[in-house]
Amino acid sequence: MDGLTAAENRELETRLQKRQVKEFMAVFGNLVDNCFQSCVDDFTSKALSGRESGCISRCVTKSMATQSRLGERFAELNAAMSAEMAKR
Amino acid sequence: MFGLGRPQPTSAEKIAAIENELKVVAEMHSRMIKVCTSKCIDKAYREGELNKGEGVCLDRCSAKFFEAHQTISEQLQKEGAARGFGSM
Amino acid sequence: MDGLTAAENRELETRLQKRQVKEFMAVFGNLVDNCFQSCVDDFTSKALSGRESGCISRCVTKSMATQSRLGERFAELNAAMSAEMAKR
Amino acid sequence: MFGLGRPQPTSAEKIAAIENELKVVAEMHSRMIKVCTSKCIDKAYREGELNKGEGVCLDRCSAKFFEAHQTISEQLQKEGAARGFGSM
Amino acid sequence: MDGLTAAENRELETRLQKRQVKEFMAVFGNLVDNCFQSCVDDFTSKALSGRESGCISRCVTKSMATQSRLGERFAELNAAMSAEMAKR
Amino acid sequence: MFGLGRPQPTSAEKIAAIENELKVVAEMHSRMIKVCTSKCIDKAYREGELNKGEGVCLDRCSAKFFEAHQTISEQLQKEGAARGFGSM
């Protein structure tokens, strides 16, 4: 955070917290949408069936594993790209 | 999430917290409209009124969406806590 | 709006107005997209055909009915959930 | 929506109003790009130039999208007013 | 920008710059998504194949041509609509 | 884009620049999650764990997404500059 005053740093941190909350909400919302879309298709009852609940639960677990795996790859690729840029 | 140890929330923080809670609810509402429309409404639009089947489907879809939303929140809290994610 | 000063309440209200405008615009935009996607498929002319206009008009009416029905359900489910939470 | 009875708009309100108008236009533009791309552009991308059919399709699609946007606005104002929705 | 003071105009300009950056980023992001979705389907290797790179490159060129064509149409249609509105 | 000739960035501008950079990265991350999930994850959710095929697919998809992102950026800079677009 090069060349920022203490006050600027505090302001920046506040903004980043807001962004983080926003991003978490977007990820959570996409997860709900995706798991509901993929798992729920029977509207003859108003409660989730056992099959639907199971599918949703597996979808959530797999989505978290996906996010965690892609998070690792993203960090690696981003570091490699930054190193590449610095060389030029 | 970050404010640990701070004495008490500032005005801006209190307002942001309330705003955020309402945003979560509003976003859930708009996601429900999107997903239940795609599940229940025939895209041919041969009539302007909701027919009985569509109406009943919307009622059940909204109940299932709420249930899914809640169980997913709970699962994320449990699994997320286990993995050291932020809770929601 | 527990524990807010008058000034905080005014600020909060301003934010909520902005949010409401934003949400209305998003709902409106999604409605236009959805009805256009579902109803318009003939690009041999640059004016909407009678069939397309009719379809769009029914789509708008049905979308408003959908939103109004889901709005009622959402309010009920949200109230039930809040009551449930308060019991715990 | 809320400001009824207030004497005159503040600076912030005037700026927000102009900003909002421009946002409506910008959003309509970006939605048009999305929807007309999906209607007119072949996803195989065998060539980089727009072929004649695609170009004509885009022209007609944009005209139809504008027309749809306007008729939907008008219908919503009429029906929304009847149901007590906010006007747009 | 009717009836704004110099200070209001500066504030407005700052907001519009932010909006422009935001819009550019959204357009760019949609372009990446769309071209990747349309062109990449082989995950037997971790580098883009020649076929995929070629497809992406054509997709980018065609997307820019699409945006430029729709931008012209949008400006014309918007001007025509404004003239129409002014007549009423 | 607009600030040409201004002596040096203000606090707000410096913070906005850092915020923006982080936003670009965060958005790229979330788009990668979306697109690679749709390319690699079977929507049946018969199991909660990532199977080996899905994991490998995610790794390759992320590498290809990064490569595509970079080549598209470069192409846009070249073609955009030629057409007088803003650079990115």
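Each chain carries a letter (A, B, C, D, E and F) given by its place in the written order, and its residues are counted from 1.
To be clear about the criterion, a contact is a pair of C-beta atoms (placed from the backbone, for glycine too) under 8 Å apart; a residue touches a chain by one contact, two chains touch by 3 or more.
These figures come from a predicted structure and were not determined experimentally.
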item	value
Minimum number of chain-to-chain contact steps, chain B to chain E	3
Most remote chain, CA-based centroid, reference being chain F	C
CA centroid of chain B to CA centroid of chain D, Å	26
Interchain centroid distance [CA atoms averaged], chain A/chain F, Å	14
Contacts with two or more other chains, residues of chain D listed in rising order	23, 34, 40, 59, 63
Two or more partner chains touched - positions in chain E	35, 39, 56-57, 61
Chain contact graph, described as a line, ring, star, complete graph or other shape	ring
Ring walk, chain E to chain F and onward	E, F, A, B, C, D
Residues of chain A defined as touching chain F within the complex	1, 3-5, 7-8, 11-12, 15-16, 19, 23, 26-27, 30, 34-35, 38-39, 55-59, 61-63, 65-67, 69-71, 73-74, 77-78, 81
Chain E residues within the chain F interface of the complex	13, 17-18, 20-21, 24-25, 28-29, 31-33, 35-37, 39-41, 43-48, 52-53, 56-57, 60-61, 64, 68
Chain E contact footprint on chain F (complex, rising order)	1-2, 16, 20, 23-24, 27-28, 31, 34-35, 38-40, 56-57, 59-61, 63-65, 67-69, 71-72, 75-76, 79-80, 83, 85-86, 88
Parts of chain B lying in touch with chain C, wherever the complex brings them together	11, 14-15, 18-19, 22-23, 25-26, 29-30, 32-34, 36-37, 40-41, 43-50, 54-55, 58-59, 62-63, 66, 70
